[in-house]
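The structures considered in this document are given below.
First chain A sits with chain B, and in the next complex the same chain sits with chain C.
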Partner chain A sequence: MSTSVATAGRRAPTTAHKHSLHRSRMWALWGSYIALGVFVIMFLIPPFYTLMTSLKSSAEISAQTGSPWIVHHPTLANFWYLITYPNFQRYYLNSIIVTVLTVAVSMVISVLAAFSLSRMGFWGSQTLSTGVFLTYLVPSSLLFIPLFQIVGWLGLINNFWCLVLLYPTLAVPFCTWIMIGYFSSIPKELDEAALIDGAGYLQILWKIFIPVAMPGIIAATIFAFTVAWGQFLYPLAYLYTSNQMVLTVGIISDLIRGDVFQWGKIMAACLLASLPPILIYAFLMDYYVAGLTAGATKG
Partner chain B sequence: MAEVSCRKVIKEYDGGVQAVKGIDLDIADHEFVVLVGPSGCGKSTTLRMIAGLEEITSGEIWIAGDVVNDVPPRDRDIAMVFQNYALYPHMSVFDNMAFGLKLRKFPRDEIKRRVDEAARILDLVPLLERKPRALSGGQRQRVAMGRAIVRNPKVFLFDEPLSNLDAKLRVQMRTEIKKVHQTVRTTTIYVTHDQIEAMTLADRVVVMNGGHIEQVGTPQELYHHPATRFVAGFIGSPAMNFLPCRVQDAANGNLAVKVTDSIVLPVPPARADRYAKYKDKSMILGLRPEHLFEYHEQGKPGWTRVDLPVDVVEPMGMETMVHFFVDGVPVCARVDPATHAEPNEMLPLTADLNQMHLMHPETGQVV
Partner chain C sequence: MASGTSIPIGVMTAGRTGVQRGSMRRFAQRRSTIAFLLCLPLILLIATFVVYPAIYAIYLSMLNKKMTTFVGLGNFAFLLRRHTFQLVIFQSCLFAITSVVLKAIIGFILAHLMHNIPGKNQRIWRGLLLVPWVIPLALSTLTWWWMFDPSYSAFNWVLNRFGIASVPWLGVGWIARFCTITVNVWYGTPFFMIMYLAALKSVPDQLYEAAAIDGANAVQKLFFVTLPMMRNIIAITVLFSLIVTFADFDIVRILTAGGPQDMTHVFATYAFQVGIQSGDIPLGAADSLFMFPILAFAAFFVLRGVTQRTKEIAA
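Showing the complex of A and B:
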């Protein structure tokens, strides 16, 4: 008798437990769907509106009749105008040059810095690592006035090459920080094995660390790219002629004449300007997420 | 192929902590030496100093007749297998094994020949194109060994290579390591905390404790003639029983050790001379569980009957472990499974005193 009582007593809470587990999972799912739905709408409305506006003619935009969300007479005129507009082509090219060089310079500096800070264990490396992170905390808006002095002293005012010099100051600290994290997660035995196999420090970096830390390098590259492609304050402060401008300032200074906003062209320019980031994110994301360290040591 | 020597090697870390306190050790060519000891005894540090991964505070390390204190790891011509394998995750098994050879600019066909040869020895041929993440623990360990073999170095260093494997695989890999050594005959230094691994693999075992070498000897020497209480307790499983005792005259004029009032064990004549000078002194009696077994009517010289109250009985199949308490000190006996032992009953046992050890209670030296 005592056995049956014990069994019954045990079974009841198990069923209730299962039931509540199922219910709480259901609620969690619903909660997630609602939250994600709100996010998707919030994030996708602006690009959608941008796209709709870019497909309208100036006349349709200024007519202000009907719903602003629908295009009645879609046209690619805005896009065609920009593609054939020499200034816009110039901005695009400048942006590409500045970004590619910034990413290259930043990555070389931060990978080398992170490797030495995380692996070579020299005197003061800990303090330096913290210092690198602290530099990242200084806002760029605080720096652009003193930097103006330096840029002026170098004779690079109104020259987009100054951006190649300045952007790494924004990108390197954070990229280094990401890379220190990735390199630190690589087991110490891996470099010791390579040392014994006959590799020098540069060979360890090139043949072991860079391939193994590829997700980290891609994360840092995306960050450096985003900084360089989207920076607004520095080019606004240091560049003032069309032939030197990059996309961010070029679009607003060229397509806003006085108080006339050429909305269709501005929106089309924004879409064209966001193409490279979209492509890069799309191609690198899978690689970025994939963990490469699996199997190096006991999993 | 080479001999390795340590001369008064000391490793002191920042803050004055000495991990290795002056080690002297000579390892012959082709020899398989195992450094064994509890965690923190300095065995891994010693191995890492031989590898060149750890700087030597003072002393000298010789490999193949050269002092290598200031020689970087890559120029010492050694290969090391790590506890967590340390395979390059982005390279295939082939590339992992070939990495060291490629760095040393070996010709391509020579690399292929050596890797294929190692893969054949280690049964890795079908796995050469795989990445480490697609391998099991035992396979990864074999690749790590393959990476060492292909280099054909002067010395192999193993740093607890089997600790990450499950018990069954560990036994299997232990045999493989022994087989590989029998094939390639490279001087090998192997670090482990597992005394069974040490005993089964080694030509000679180095027992370390607290940064010192306690004893160096063949597995049989360590088992039968431990130099200290530490070695006596560390080698052998279950561990040796240690009982405080007093050496005294026996009724028949011979020598005896008195453990309790009721347990007085006659010292075999062969040992009497050696123990005579400790008469009336407090000592520690050491007797392995396998030398305390079920009572036999037909005894041999040196066998003595002891009756002890049973505390716990652990049947293991081929043998049964019986635990007792003698004056509050735990004692274990290894008896025939057919022996009838019940908790709280007295069990008659035979103590084989030909195998006894007597130790100094303060110094721990076996006398």
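Showing the complex of A and C:
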């Protein structure tokens, strides 16, 4: 092989150069695939293990024999138990209610504000834009203790409606920021033409901006969904009875009783609870990634 | 925040001078009134649930446990003297800095690998690598907890297979710290990867071609073309991640609940334990307020750097 390349090289240097270039590129490509494969395997170990455990019976887990990485007698008993378990149904329903309302509230607030901040402006709107960005940098764990007091005054301790009030504070700043970016990229001529034709501002927003900025709206919606579905600190701090809990805390406080860990059921519950985000990302990931990276590059 | 609708300056484009100054002004005024009203829900939300709690937190942190007497900075002084809290400061910094550095490096490598493969295959690989980031963190941490289980855990079984003794993953301070960082890196790396990948795609090919003509090798291209072009996005991504990691609650709470011997507590979990579980709300508020100056400091410097560079590029 090498000799043939060498002789070819003596005869026609250009083709040999091309060959070696091609070959090094092939190597880089295959190397990349192999390295990525290794990373994918490492990254997917925990989800894989979740799936394996969720298919095991309690007896198989407590027997502690054989490899924990594979299922010897797969069973759907854990899933069936959870689907027919009233508490788990309750958590799921609560999560859905809280998430849907949070997404709706956050999107209305942030789309209106982004339209105003990107196009209309008023005294102090620049300061407000900066303020919105800085609010995004405030993490949920910074203010949960004063919020505990405020939620108490509102009489919403141990009531999942407090989450509907609080989650938008985590979602709205970033959603507004994404939407400002998308709205600013819409050419000004478009709304000026509509204004001359006698359209009102809300009409412009509804008929022009929202349809044109649909990718941004999808991205912002997914962000709000992710926040509301996965938040753990607020429900853990403010909810304590099972009829009010959402999935993240419900699974932990219900399926772990003292020292008894029903790992099969916990893992099955994790899978069922991760299903909505996984499905949403499977179909809409491109929009989300585009919105996220666009937001960051503009900042 | 913004006090109102009174002075609509610079709303309309200057230049259309003359004819109907009065009606123009009315139009501009009406316009800014509507603009303000559209922002009102946002302003109310942020004022009620972010600005007010922040001010209230400062007030709360200066009360005694029963919230009856004003103690000034007593809670802060008490916390700083406490050995557990000194550990908390150290561990929060260790956790955040180590995690962010590892996430940034691994994310960078992954983004480069991803950039090498043809575009049509990238989607599926990216989808697979994003899985850790898609699953709600509280739930995936439960799986990690189960994998770190001391008696019949996935990791210890593998170690035993190779003749290595079982490791008490979450039972010994430094190992537990390592575990929390591992989970965080696993969760956060995909975010860095997609940010860097977007940045890599935005670097114009001509720059690499020019560098190649000048005889630059791969390492030189990385340091003199790729990294300078990506500096802003790296800065922003690191800032986001630093804040989220520094304020992390889920991982430590579920994996170790701060133990063993408080050797994994971070600000958020310690505030939860002190403020909510032990009912000392002022002390908990004081604890989480310690995060604020550190985060503000990081945000200030990163954002200042980013604006400066943006101006340089524009100029």
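Following the convention adopted for this analysis, the second predicted complex is superposed on the first by the 248 of 299 C-alpha atoms of A that agree within 3 Å, B and C clash if a C-alpha of one lies under 4 Å from a C-alpha of the other, contacts with A are read in each partner's own complex, and residues count from 1 in each chain.
What we mean here is this: a contact is a pair of C-beta atoms (placed from the backbone, for glycine too) under 8 Å apart; a residue touches a chain by one contact, two chains touch by 3 or more.
Predicted model, so just to flag it, every value in this text is computed and none were measured.
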Touched partner set for A:189, first chain B, second chain C, both or neither: first
Which of chain B and chain C A:138 touches, first, second, both or neither: second
Contacts of A:99 with chain B and chain C, given as first, second, both or neither: neither
Touched partner set for A:233, first chain B, second chain C, both or neither: second
Most chain A residues touched (candidates chain B, chain C): C
Touched partner set for A:244, first chain B, second chain C, both or neither: neither
A:149 touches, of chain B and chain C: first, second, both or neither? second
Contacts of A:118 with chain B and chain C, given as first, second, both or neither: neither
Contacts on chain A seen with chain B and repeated with chain C across the two complexes: 292-293, 296-297, 299
Complex contact set, residues of chain C against chain A: 1-11, 31-36, 38-39, 41-43, 45-46, 49-50, 52-54, 56-57, 60, 106, 109-110, 113-114, 116-117, 123, 125-132, 134-140, 142-144, 146-147, 151-154, 157, 186, 189-190, 194-195, 198-199, 202, 232-233, 236-237, 239-240, 243-244, 246-250, 253-254, 267-268, 271-272, 275-276, 281, 284-285, 288-289, 291-292, 295, 299, 306
Chain A contact footprint on chain B (complex, rising order): 51-53, 72-74, 78-80, 82-90, 99-100, 103-104, 131-135, 137, 140, 147, 151, 164
Residues of chain A touching chain B in the complex: 187, 189-190, 192-200, 203, 207-208, 211-212, 214, 292-299
Residues on chain A engaged by chain C in the complex (per definition of touch): 28-29, 32-33, 35-36, 39-40, 43-47, 49-50, 53, 61, 64, 67-69, 108-110, 112-113, 115-117, 120-125, 127-128, 131-132, 134-135, 137-150, 165-166, 168-169, 172-173, 176, 201, 229-230, 232-233, 236-237, 247-249, 251-252, 261, 263, 266-267, 270, 273-274, 277-278, 281-282, 285-286, 289, 292-293, 296-297, 299
